[in-house]
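Look at the two complexes coming up: chain A is in both, with chain B in one and chain C in the other.
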Partner chain A sequence: MAIVAERTTHGSRAVKVRGRRLMILVATVPTIFFYVVFLIFPIIYSFAMSFTNWNPVSVLIPLRFLGLLNYTKIVTGNLFWICMRNTIYYASMHIGATLVLGLVLATLINSLQYLRSFYRSVFYLPVLTSVVAAGILFRWIFQPRYGLINSILALVISTFGVQLRLPMYLQDPKWAMACVAIMTIWKGLGYTIVLFLAGLQGIPQVLYEAAKVDGASAWKSFWYITVPTLRPTILFVAVTGVIGALQSYVAQFIMSIGRHMDQAGGGPVNSTRTLVFLLFDEAFRNSRFGYASAIAVLIFIVIMSLILVQRRALRTEWSY
Partner chain B sequence: MNTESIAQPVRGLQGRLRINWSQVFLYLFLTFGAVISFAPFFWMVTSAFKTPGEITGFPPVWIPRAPTFDNVVAIWHELDFARYFANSAFITITTTALSLFTSSLVGYVLAKLDFWGRDLLFLSLLATMMIPYPVTLVPSYQLMKWLRWINSYWALIVPSLYSAYGIFLVRQYMHSIPDELLDAGRIDGASEGRIFLQLILPLCKPMLSALGIFFFMWQWDSFMWPSIVLNDQKKYTLPVGLATFQSEFVVDHAKVMAGAAISVLPTLVVFLLLQKHFVAGVALTGLKG
Partner chain C sequence: MRSFLLTRRSFLRGAAATVSAVLAAACQPAVVEVEKVVTKEVEKVVKETVVVTERVEVKVRDTELPFKYYQMGTPNSGNPIKLTYWNYSSTEVHFWPKWFDAYSQAYPNVTFEITEVPYTQMWTKLQVAIPAGEAPDFFYVHQDGAHWTIVMGGLLQPLPEEIFPPAEIQKTFAALESWSGPKGRAYWLPIGAMQGCLYYNQDMVQEAGIDPDRDLNTWDGVIEAAKAMTKRDAAGRVEQAGLDINGFWAWGPPFYQQGYFLWPKGYRYPCYNQEPMIKALEFFWDVNHKHQVCDDDFLNWQDGFAAGKVGMNTAWNWFTRWMRLNHPTVNFGVRPTPTWSGEFAPATGYGSPDPQSPGVPITTPPERAQVCFDVIAWLYSRPDYLIDLSINKLTPPAIPALADHPLLKTEPTLAPLLPAAEWAILGRGGAPLAGGEYGQYAGEEAIKASGGNIREAVAKGHEAAKKATLDYKEEVGEENFYVFEHNYLHADLMKYPDCD
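Let's turn to the complex of A and B:
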């Protein structure tokens, strides 16, 4: 590569640099190529095909343009709305519990004199388990007959002689999604705690001392110092958490599949079927790629509008 | 472990012993929470060493009386667990190393070199992070079919070569490296490539360690995409293998738990090795949200 004389980034002085152009080309051209080929083109292609009867398996069916038929079928059908309700139900449980527990536990850990990193590590341990491992672990824990929770409850019942009907957890449509949420809260809490702890370290101790001098209770300093200063972190956790929870699938799948992998999960009675679950089944079980693409577009619209709403909320939060 | 610190008295001004009750209460409360959080993990690990009698025993057996390695041996021999493990290790190490390299290269160039369209490129990369993954599922599968990568590891490695998230974090981190340092290297006659490899990369070690943990965990835990593009059981990654396990061994919980426990080990090791960089890494992701 020829010697190229250019100004450096900050433009303070010109320094002769060798290989700058090559460096820029090596960094940018493959990146652009990658994103065009593996992201932008596929998404545009899939969007276009969401108006067709695209089916990758049966070559015999000719590709036909259907207009908005896929979309109207989805929106007028029952299943889409069931999945939508399940997804929102799951997302609100997951986010609500993670935010509240994460904030409270992080604040408590932060006010410890000793062993802070010990407690942080204990709560972080579940984050290291994979969704699949955590899913099968909690299936076993929630197992109605021999599972850990009902064993402990049975022990309590036999010791104290209380009358209690033990829940069936994952086999009960009323409980199943809550059980999935308990698993993902357990798994995700440690990450949120670490995020909040990092934020808490940025709060000057002087503020708390001043509040103490003024006679503020611990609760008041939490509410009027900790929460407002942590607002950016809280918003970050809320935004990324909601986006993640709306795309949730693997946890529900692992905790609901039957004896054989090819047996579709989502049960009992569709109670753990999420939007992505629906998309996945239409695409990879029923091979209705066009229909599945239309579901994907709808999921995209739901998530994007939520991001926009949250952005607006974020802006007003900051404008005071 | 905690009793020490609880019992540790706080000396008052007159040298009298005083116990800080709010701290005692805090430790008790947090220990209670920690026990609940730790219990499932503990249950998974000890279940792996239980005999069939203990696994369904009532009252629940927390610690097996005579730990048996039968379950671990069984999944290792009777099943293709070793193969799944090796497959996952290969894919995870390859993609983590490659995407760490591409992230630091692109992140560095976007932060420290000036060229036409740089900011546009960066903003476009940021925008790709907003795209929800379900949207890419069907078309990516179709693309893999066209490329004849179905059932091949190319389908797992190539699509994760670049990470907008990684590029973003490296670019943020680059702002902590002074331009003067780079200029010093340039004046000494180093080429841009050498500056990147010998000056920048060593400086990025802490942040690359944190990013490395993330990449490692994402890839090691990845379930959905591998389960879509791999259909030969011999090529399964560990999570996909585990998921088939639990359906095959639906009754044999000890073996399933053994598999799950072993699958956590590599992440645990990586985390313990790189732990000291980790909190800084998380702080970096949180602040820029």
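Let's turn to the complex of A and C:
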């Protein structure tokens, strides 16, 4: 009788183990399948194709192995480095402003007794706006003659009789990328604020009380308590910000000029052309998918290197 | 309190149900259903829309085209067949159903399912859909969107010579040779002569006492008229521009009018670095900086004209349709692009063969492709259809046999362009990469940024375009590189450039 009971127990345990394995299989196989098919395989495939003249749209141009020719052309050409400079310039502005403004505004909102949800919602609203709609709106805001900013400035100038040449914004190569960054900062700030607010609400109040007892000023509390304890959030915002900014393309496409004749935007004079913009043009306008794959590999290397540097710089090894 | 923990069994049930649902969704032809609904809606709209049909109903058989329709028996042997068709212009909601219905009346076993795809998405969708075997039976071609990639990539079937005899279609469609594809075959039919035009605001022209027919034929005349129409505010800034070319320096007309091709004999690489090009760009620079009939910070050519703040602009003639659809209250007129001498010879500039015909992807099975080609031949051999297409697109046809047709002369924005149509160079002057590379240095923005140093900009642009062309040839192979500029109807009046 005891043996039968033991066998039954043993049997039901085996069924349980089998069931658990089946469960793991059911839960993970689809994910792994999609991950391999839609992520790993395309990455490997596009890396391999970056050494060829791959043009999947053509059945006439034979696939040829080019060795490092695509890479050589890219790094010795002018346009890649212009796009690299533009991308880094944009990423620095976007991430820098988003981090600083996001942290400051989140701290201010967090310190409010009332209307906290209201401000959070107000700042989050642009996140819900379509980037295309926002881009078109900002194009009008930055229009040099009839746009919102210069209309106000012109009014001020005429009132005070000041002689001042107003900026051309999106039509000026020196200003254009900054204008795009202003739009994307405005649009993305709400997301960062929400992240920082969540981080701020996780900081134990006791730390601030202890600092207050020790006579620390508000600035010192912010600098020595808030910032260090928010380091994981800052790291998250910075890493995702770098990835997003280095892959930025839509805002530049919508807001840039130079979309006539043989050009696809990115102007003036390529000042808003980013690396992904270049990649898109080469792949879908010029059908140079092999060349575009090589650009994609280089973008991957740049993003990976920056993230590794960032992780090292913002490494957090303590807890409270 | 009762807990609602997810048991393994219920999870597995849920997962199985989800997978089944996904599979069921994937297997059912949802898109087709949606398209059917859309088509039905379109049909409903078409039925309810008051369409000006007089143009079509007038039997225009007085001008016989060299290209004749050869009936190859009843399409699909009389068996029912529904052809799928993609079009990229949603403004033609009545046009294609009307003409496809006409074909269906002739051959009741053939029906059509039309899908409207936005222009910006059409070509990337087709580039994916054709290799994947999910393309429609046929689609409306656009020379810029489809020719370089889809035709030159070998993804379109050539027009069968038994239905489209080469000699006949060559005689009918002036730009056919320039827009041939691999192996010199025709893949679609170029119909129009979309060309550079001068648009003017009727009210402003009248106010300034300008007679468009007399005063707007030369570039000098245009500048004088622009000066008369320009108005400034108290601060001296232009508030009404006489001529606005901001954002659109179409160098083609003033360049080609000087009688030089862009490409040398043999199409080695384009010669941007030539005096006629410098003269053309200097003219554009002078509009704002010497003649001061517009400011750099003023609205661009399109927005300014649409807002009624611009006396004249230069544009391709698609602008007529755009203005009518989006800004019907602006009272405007159109002239052929001005020239240096006032004459159209040796050329008025560069044009495009828009509108065009449908094309048939290589994935369309032979029995269906045969019907598609029959539809194309049936339509494109009919003068009434071609005239309706031209009027619908508001672009003069580059079809010598129809050049003087009275129906075309009844359309006020089309009639003035008809005499210039044969003087537009409808061949392909550009090449992949070259134009973009050139524009980096010698485009409007670059020249403005350099403070108007045109000679240096053109020299740099030329070198960049030359390198890009040679690189591209190396990449795709000389045999896959095509440029046709020298097939121009009046090529005998043009000179070939020579450049390093």
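Please note the rule applied: the second predicted complex is superposed on the first by the 277 of 320 C-alpha atoms of A that agree within 3 Å, B and C clash if a C-alpha of one lies under 4 Å from a C-alpha of the other, contacts with A are read in each partner's own complex, and residues count from 1 in each chain.
Rule of thumb we're sticking to: contacts are C-beta pairs under 8 Å (C-beta built on N, C-alpha and C of every residue); 3 or more make two chains touch, one makes a residue touch a chain.
Small disclaimer: the values here were computed from a predicted structure and weren't measured.
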(message) Looking at A:N53 after the superposition, I want to know if it touches chain B, chain C, both of them or none. Which is it: first, second, both, neither?
(response) second
(request) Give one of first, second, both or neither to describe whether A:W81 is in contact with chain B, with chain C, with both, or with none. (result) neither
(message) Applying the document's definition of touch, where does A:F284 land relative to chain B and chain C: first, second, both, or neither?
(response) both
(message) Quick check on the superposed pair: does A:K73 touch chain B, chain C, both, or neither? Answer first, second, both or neither.
(response) second
(request) Go through the superposed model and pick first if A:F65 touches only chain B, second if only chain C, both, or neither. (result) neither
(request) Tell me which partner A:I257 touches in the superposition: chain B (first), chain C (second), both or neither. (result) both
(request) Considering only the touch criterion stated at the top, classify A:W223 as touching first (chain B), second (chain C), both, or neither. (result) neither
(message) According to the stated criteria, A:M23 is in contact with first (chain B), second (chain C), both, or neither; which is it?
(response) both
(request) With both structures superposed, pick whichever of chain B and chain C touches the larger number of chain A residues. (result) B
(message) Let me check the overlay on chain A: which residues of chain A are in contact with chain B and also with chain C?
(response) 19-20, 22-23, 26-27, 56, 143, 146, 257-258, 260-261, 263, 284
(request) In the complex, go through chain C and note every residue touching chain A. (result) 8, 11-12, 15, 19, 124, 127, 131, 148-150, 152-155, 182, 235, 237, 247-250, 295-299, 362, 430, 432-436, 438-440, 443, 445-446, 448-449, 464, 471, 475-477, 480
(message) Quick check on the complex: what are the chain B residues that touch chain A?
(response) 1-2, 5, 8, 22-23, 26-27, 29-30, 33-34, 37-41, 43-44, 47, 55-56, 58-60, 102, 105-106, 108-110, 112-115, 121, 124-125, 128, 130-143, 145, 158-159, 161-162, 167, 179, 182-183, 186-187, 189-193, 196, 217, 220-221, 223-224, 228, 239, 242-247, 250, 253, 256-257, 259-261, 263-264, 267-268, 271, 278-279, 282-283, 285-287, 289
(request) Note which residues of chain A are touching chain C in the complex, please. (result) 19-20, 22-23, 26-27, 30, 53, 55-61, 66, 73, 78-79, 143-146, 150, 158, 166, 168, 171, 173, 257-258, 260-264, 267-270, 281, 284, 286-288, 291
(request) Flag every residue of chain A that touches chain B in the complex, lowest number first. (result) 1, 6-10, 12-13, 15-20, 22-24, 26-28, 31-32, 34-35, 37-39, 41-43, 45-46, 49, 56, 105, 108-109, 111-115, 118-119, 122-123, 125-126, 128-133, 136-141, 143, 146, 148, 151-152, 154-155, 186, 189-191, 194-195, 197-199, 201, 218, 232-233, 235-236, 239-240, 243, 246-247, 249-250, 254, 257-261, 263, 275-276, 279-280, 283-284, 289, 292-293, 296-297, 299-300, 303-304, 307
